[in-house]
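Structure record follows, encoded as structure tokens.
Going by the order they are written in, the chains are A, B, C and D; count residues from 1 in each one.
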Amino acid sequence: MPALPSPPPPTDDTRWQLVDRVMQRLDYQPSALIETLHAAQDAFGFLDKTTLGYIAARLHLPPAKVFGVVTFYNHFTLQPKGEHTLAVCTGTACHLKGKDRVLSWMKERYHLVPGETTADNKLSLVEVRCVGACALAPVMLTDNTPIGKKTFEEATTIIKEWLGDES
Amino acid sequence: MNREELKNLADEHSRHLEGFTHHILVCAGLGCPDNEAIIAGLRRVVAEQHLDKQVLVRKAGCMGLCALGPIVLIQPGEITYHNVHPGDAEEIVAALGKEPVPRLLLSEDLPFFTRQYKNVLALSGRIDPESIEDYIAAGGYGSLLGVLTTMRPADVIRTVQESGLRGRGGAGYPTGLKWATVAKALGEKKFIICNGDEGDPGAFMDRSILESTPHAVLEGMIIAAYAVGANRGYIYVRAEYPLAVKRLQRAIHEAERKNLLGHAICGTSFDLTLQLRLGAGAFVCGEETALIASVEGRRGSPRPRPPYPAGKGLWGCPTLINNVETYANIAPIIRCGAEWFASIGTEQSKGTKVFALTGKIHNAGLVEVPMGMPLREIIFEIGGGIPDGHTFKGVQTGGPSGGCIPEEFLDAPVSYESLSALGSIMGSGGMIVIDETSSMIDVVKYFMEFCMEESCGKCAPCRTGTVQIHRLLTRFQERQATADDLAMLEELCDLLKSASLCGLGQSAPNPVLSSLRYFRQEYLDRMIPADTPGEANS
Amino acid sequence: MKKRRLATLWLDGCSGCHMSLLDTDERLLDLAAQVDMVFSPLADIKEFPEQVDVVCIEGAVSSAEDEARLHRARRHSKLLIAMGDCAVTGNIPAMRNVHGADAMLRSVYLEREPLQAQIPGTNLPPLRDKSLPLHHFVHVDLFIPGCPPAADTLFTALNGLLTGTADLRLDTRFGA
Amino acid sequence: MSDTILTLTIDGQPVSGLATETILQIARENKIDIPTLCYLEGLSAVGSCRLCMVEIEGSPKLHPACVTLIQEGMVVTTQTERLQGYRRNIVQLLFAERNHVCSVCVSNGHCELQELAHKLGVDHIAFPGCYPELEVDASHRRFVLDHNRCVLCTRCVRVCAEIEGAHTWDVKNRGMRSRIVADLDTPWGDSATCTGCGKCVHVCPTGALSEKGKSVAEMLKKRPSLPYLVANRTEERQ
């Protein structure tokens, strides 16, 4: 079978090279899909339909299959995130030790629920699956850095700082 | 690399390490925040005082006592400091060779340290996870070289079989038997996979092992691949474990450079390439057929077994899948012999097991104990009991697939057989302690919500049944449940257990069933009396 | 032989099931020989009586009033039959459950450019947010699915109950 | 080995088959009825609806008949009270999962879910409905996808990928949020991959996929063509 023509990247953004490199390293095999999606999300922060369409075409995968994979895994997001991210661990130890406290605080003070981003695009609140730092429960990650022990106070201080909230 | 070169490298690096009078090992795991600042602080003080030649500040793996972290270990002397801050650097350096800093000192007689039996974790916290030389100087890769030069694949399999090692991922399938099946399976290509998709919320054994001693896992995998005849392998790690991923990547690269991986390993005719594959957030990918689907780049939906992966796995080829801790047990078994391993533990559960001890417990952290140790000893002696004057209510083993064991069975030994007799499972090693302030129904509902969110949606009983069970538990939580609800709850649990496609669905009812067995009164107390007209069941 | 006391109740349904019951034609006479019709939308009786042997209920439970009438019927009847899909599954009335009662009322009375844009309120029992089948409130002794169940099915069921046939095999299904 | 004839009993009836055949195939050959929903002859078997679970003597577990190969001396039971109970519960769970309103459904009278409920004696749904808010995609010129009636059997996904070769359909999300999806969540009418062949419509067991402009009486689904297609194609290849 003659090779299908492969499309060029959708834009001349150099970040496409990061995505292309992964596909090339994995020989454009269908099995490269998840690794490629990781690379694309690392590069662009999220996965939009242009990106998915490009990856599907390059890997010769049906678009529906790509969409099925992207939406199966929690880690992938189709929406851009805010400048900062507060991730609240939903592991068992964190549940027992009151992860809900900071979530209710966020809801009360900023009307923000997990999965949402503030209107000024400063902060995204997300829930993450157990990060395995259970001894620090309840665990929160501020821009991917775990904070422990005095979690609640630390987290609220950092969030107020991010949002320029001086009260 | 041959045995002699390995020995030379080990000797050379040992001499280098022995050249320092003091070693300061800082836990650089995910569970010890600020460790980078502490290491930087210590290095700065050492440099300022021109002690570079005498004092070596090293990054190390997890030392287990995460609740009191960050932990710093001083050698020689086995001095352990806890709750260290970057600002403590000067004091720590000043105390080297003198009286330890009392404020930070942990007694080495703590049962937490003395009651453990470290096998898999023996090097954890003792070596730099990012240095292959450190691992080799500690005897690492010796088992591999021994295997490649003196043992046939069948000998390796026999040794593993004789050791009695069972899978540490949860199900406890005999490891040697699995290896033998893959070795016998027909197929030109065979694969080996390491399951590092530790999805049980509240468990972090595999994260810690991968972060602390990545080479131990690689060594186990290389030996396994040799034994079953696989030439390609994948390590599937959760994307939530960035540090483990980074260290594994580095470890693979270093092992390749030392010819311990890749083409013609150590001059033999054995080839093995290992690649990392990142999970993307799906608990069900811990199930082996789902994990294979994910490695193939597909949705992580399990498929019916048989055929089992040992016969038809990755791309339809025979595939060996073991968990991180299982592989980490291999090198010690080869090194110390099957008899040694089989001498530890109980009749049907051999060796040691690593547990992640969390929840309402003093010494939250990672512990390794011989199989057969009573739960009470793990929780009350090693774990230091329940903090803040609260009382023990139950311990959940096996996470969302396990059950909660109450006080009256605390003298049961931890082993595959006894935990399953108690209606729980060994699982991967999560041990979550619950005190009297938590309602069992709340805990059980938490696990059911987890299973509901993590259900892949392929089979009807799990996809739809978890939703209905979760709804019923909410009715109990809100004290709206009726006797019919209780009957329906039990019926649905039976359905999921018997009819679901994979382990996730089949074990999802376990927390409910075990709480109905041991804490039934909590359900009964939340039911509305039979003669009250029922509220709408919606 | 003393005649059995039969009641029928019409909750949130289209009355099609009652029509189907009337559709038993001349067999109504056989039924009439066996029962007294003590309460029914087909008879002018205001209060649900105290002692009823069999009550056939059409329609889903869509308001507090429906709920109260259902409970009263259950309290005073030996056998309660869910007659037709609305009573058995919620059927058409339950289609609003996806959006809730408010959204449905707004959509129907305010957002469709009606002549008089207002939600009728006075003198009407307020709707429950969800419209639900009978068995979510009370114990149901027999379910007769069908929209509506065929006249034959209804007759077989009633006749069977009255004559004490142990094994009632009704050839009907949802949507029949 | 594959041409060895094996003998076994299903519901007490002695039957025989090849080692490559499944319990379901042999049962159907012998007019033993095992309920199925996701299974369709001609498509790969996925064993996901769990309705065809059977008991096998000597095994504590239940086995999906559609993917379990027969073995010599196997003693299979397909109709115990326990199995029928599970089947009734699964059918009820499926009804409760989405908005199945048989009386106004285009497939009323020729729907496999409705028929299963009837055959299994499901006369009401014990579980409360979930009443999810679901879309109806009527963007295609000839066909309609109504998620309210979908049971996620994935026959449409398989027929499109395996027989038509278009792979327009897949499943998005997971668990209770799983939905059939075209391309990159594209309205069906805008799908670049759909060939408009209509095979998905004809394999759909319920009213989730239907043809526009057809009345309930007209919306009959034509299925027997599948094994014929598969057989022809296999012969061609050989």
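In this section, a residue touches a chain if its C-beta (ideal position, glycine included) is under 8 Å from a C-beta of that chain, and two chains touch if they have at least 3 such contacts.
Here the structure is a predicted model, which is why all the values come from computation and not from measurement.
For the pairs A-D and B-D, the count of C-beta pairs in contact is higher at B-D. Ranked by separation of Cα centres from subunit C, the top chain is B. One finds 35 Å separating the Cα centroids of subunit A and subunit D.
A straight line joining the Cα centres of subunit B and subunit C is 58 Å long. Here the CA centre of subunit B is 39 Å from the CA centre of subunit D.
Averaging C-alpha coordinates per chain places the centre of subunit C 34 Å away from that of subunit D.
Counting partners per residue, subunit A has 65, 68, 72 as the residues that reach two or more other chains.
Counting only residues that touch two or more partner chains, subunit B has 282, 299, 456, 537-538.
Touching two or more other chains at once are residues 130, 132, 136 of subunit C.
In the complex of the two chains, the subunit B residues touching subunit A come out as 30-31, 33, 66-67, 69, 198-204, 207-208, 239-242, 277-283, 294-301, 356, 358-360, 364-365, 396, 399, 430, 432, 434, 438, 443, 446-447, 450, 456. Of all the residues in subunit D, the ones that touch subunit C in their complex are 95, 99-105, 108-109, 114-115, 117-118, 123-126, 128-129, 131-134. Within the complex formed with subunit D, the subunit A residues making contact are 49, 52-53, 56, 62-68, 71-72. Those residues of subunit C that touch subunit D in the complex are listed here as 82, 85, 88-92, 94-95, 97-99, 130, 132-133, 135-136, 140, 143-145, 147, 170, 173-175. Those residues of subunit D lying in contact with subunit A across their complex are 161, 166-174, 181-186, 192-193.
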